[in-house]
Amino acid sequence: MSTPILELENVDKSFGPIHVLHNISLKVMPGEVLCLLGDNGAGKSTLIKTLAGVHKPTSGVVRFEGKPVVFDNPKQAQEIGIATVHQFGGTFPLMSIGRSFFVGVEPTKGWGPFKVIDRKKANAVAIKAIQDFGITRIDDGDRLIGGLSGGERQSLAIARAVHLGARVLILDEPTAALGVKQASHVLRIVLEAKKRGISVIFITHQVTHAMAVGDQYAVLIHGSVAANFYRGERTREEITDLMAGGEALAKLEAEVEN
Amino acid sequence: MLKRILAKSMATTAMIAVSASIGFAADIAVVGGKNDDAFWNIIKKGIDDARLVVEANGGSVNYLRLQTYDNFAPDVVQLIQTAISQGVDGLVIPNWVPEAEDPAIKLAIEAGITVILMNAGGADKATELGAINYVGSDEYAAGVAGGEYFAKNGQTKILCVNTVPGAANLEARCKGVIDGITTAGGKGEQLPLPATSFGDPTAVAEAIKATLLKDGTIDGLITISAGDADSAAIGVMQASKIESVKLGSFDLNGAGLERIKGGTQLFAIDQQPYLQSLLAVTLLASAIDFGTDLPTRPVLTGPGIVDASNIDAVLAGVSAGAR
Amino acid sequence: MSGQFSFGSLLRRPEAGAFIGLVAVLAFFVVFGGLSFLKTAGVASWLNVAANLGIVAIPIGLLMISGELDISIGAMVPAGSMTVAILSGYFGLPIAVGILAALGFGVLVGLLNGFIVVRTAVPSLIVTLGSLFAVQGLVLGLSVMLTNTTSIPLTSPAWAKAMFGTFIANQFQVIILWWLALTAVYVFVIHFKPVGNWIFAMGGDKVSARNAGIPTERLTIILFVLSATSASFVGVCQAILFNSAQVSSGMSFIFNAIISVVVGGVLLTGGFGSIIGIFFGTITFAIVNQGIYFTDFDRNWSSLIIGVMLLLAVLMNNTFRKMALSYSPKKK
């Protein structure tokens, strides 16, 4: 079996006296979609911030391609290929698609002090990148991001992260505020990323979305991994109960026994 | 023996005389503006010079200055109360905020303190409060003097540039200029500039230039402040009317004095703050010590016209801190 | 497709509204003020005002694009003119020393503003409100302490006059050339260099911009240095041109610069705008401010006219921005 691209071993995180994450151990293989489930306050956002280099684990090890890594800041995580895409993150509503796509890594032409942004190239690359993900409606790189739909913006943000070399994509509730059709755009992009061998950590509340794209599922309850299983190992109902914090499940079991 | 007694009694008399002068010569308090306010430093020069006279007669002068203008009315009232509690004989006070100050000034007068209003207030206010006089300037009278000066110099159409339209004292300046020139047979009008131009010399200069170009009959120009005259001088130059349009200003500044000396500005109207404190303090001391009564009411310290005829003396006054 | 000229895409540019506003106010004043408004003296009257304002308005616009604001410029303009007047006018030091000191003071205040804004979470409006008063007080206090006056004459040598404070053809202030040159540099840097892209990204979403590796803090500080130094520079030019400096000048620059920037199409909340737009907005403001002197309107109404015209210009801008945002290609 090959090495997991990202692996957490007994990771703890506490802020002073408050223990947020306990003994988290997870593995993500290349091209695998891990759905991270859990109620609000379960520790999902602390976990992804720890992966993205915002927080350092209090104890435990994070391994990237088998090698232990410690990030001092989010940039270091990005550099080795762990990209976090927040809702609409990395897109700027009043900038053009081409300019927004390349913020911070603008392609340039010319020489010395007269080196300027290569707008044509930026637009062309951005449009190609997004169209390769199946969003063919976008064809003009000079359009403003604000004119795109929510799903298109989210898709653009993901395409951007992938284009900039992401090998592990952390998607923080990418479908939360989207309608059914918009969300399906985003899910298609997740599958497309997976097809290219990119691993995805997908945070969501919607079981349907998790069921549609997930290979592996981890449910966080009170900062611990309450369940970690693969596709087909649990039914939709079981997952729903787990996501509700496990309490509903416990109650159900109690009722069955009586 | 006799000689000794005589000497002793003379000494006693001298001692009595000294203590009498401490007891009866005027101790005067003057209330004024902040340390970093240039106007009130010229006022201070007048006080310092008046002090020489007062102290020669055995009295004293204390200049009570506001520390800030942030808590203005209560601070002024506090200074009046300080003067009362110090047991002064005389008080020179600007009537800046009548609502707040008037009761305190009345209290001072009831406590037996002789009061002169200075700089702000007016003769009517002095009478109302029971102060013996008002020493200061009158914006309207200063404006009239400016208008008349233009007329005497041969100008017939005067533009009064007001960069802060709506401010009562500045409106009075322009109204005075217009009335002064009108009475003398000429014409005058005000050019009110919008707030968006205040403090932008280019905008002021361009407004003046455009107005001069539009109305070729204007041959005199006066600004409500010395700084605006700097802008006006450039506006006149741009309109190519240095020969045909004469410039005047209210108040003095260095650049304006240089223009008067160099011939590119006709005159400036000064309210002569040095005279305000010099006269107020000496008048008050003389009234308290010797019972003098000056029938002139109010005592106007301005307008003083600065032009080519007296510019050298004025410049000497500037370097002495009196102008 | 994208390389072709299209009227529609021109209209969606940030400066479209500003340009149409400019043409509209120009037409208005030609109708009510006659053609003298377009002759040399007339053009100079608004171009001079625009140049002085424009040099300050562009860095203010950049700060606004990046999501910040600097109102300390209201104190920096007189600080610049007083510094050169005190050092070179009152104390008689070489004018170059006065000019450099004035610009240096601008850099210093800008650094201070920038550092406080990035180090604390205090909004830049409040920080620069503080430095506005602090600089005002410092200039007033020092001026009275050192010279015992608040208005200082300045006589400049010919070379300084020629560079900073003279008239071309007896009408056009030499600062117009500075303004045009600076505008060209800004257009190039902001719209063609990557760093310009970063400023827009900062204003759009500061956290995402930082995550994208943009040195947001350093850029913010640079922009504050730029605005304070530019204001100081305008003050220096004023003092040299008018041969005099006053403590009390400059406050109108705050509002006038912000108005020009907004009329120029910059979004108050940041992330959107253009240098050319600000350039047009500044000219529009100057025309509205000075145009009334060419008309027969009662001068007492000037503030009202200025207010109404600027409001209309801003509303027009909003319409164009909405057009740009809602634009999507035709259905195929």
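Should a chain be cited, it is by its letter among A, B and C, assigned in written order, with residues numbered from 1 in that chain.
Here, a contact is a pair of C-beta atoms (placed from the backbone, for glycine too) under 8 Å apart; a residue touches a chain by one contact, two chains touch by 3 or more.
Just so we're clear, the structure is a prediction, and the values are computed from it rather than from any experiment.
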How short can a path of touching chains from chain A to chain B be, counted in steps? 2
Please indicate which chain is farthest from chain B, where distance is taken between mean Cα coordinates of the chains. A
Where is the C-beta contact count highest, in terms of which two chains? B-C
Distance from the mean Cα position of chain B to that of chain A, given in whole angstrom: 74
Using CA atom averages as chain centres, what separation in Å is found between chain B and chain C? 38
Between chain A and chain C, what distance separates the C-alpha centroids? Give it in angstrom. 43
Hey, what residues on chain B touch two or more of the other chains? none
Considering only the defined contacts, which chain C positions touch chain A in the complex? 1-3, 9, 188, 192-194, 196-198, 200-201, 203-205, 207-209, 211-214, 267, 271-272, 324-329
Touching residues on chain A, where the partner in the complex is chain C: 74-75, 78, 84, 86, 89-95, 99-100, 102-106, 108, 115-117, 120, 123, 139-144, 146-147
Contact residues on chain C for chain B in the complex? 36, 41-42, 44-46, 48-49, 51-53, 77-78, 89, 140-141, 144-145, 148-154, 167, 170-171, 173, 238, 241-244, 246, 248-253, 255-256, 259, 289-290, 293-294, 299-300, 302-303, 306
Inside the complex, what are the residues of chain B that reach chain C? 35-38, 41, 165, 190-203, 205-207, 209-211, 213-214, 226-227, 230-231, 233-234, 237-240, 253-255, 257-258, 321
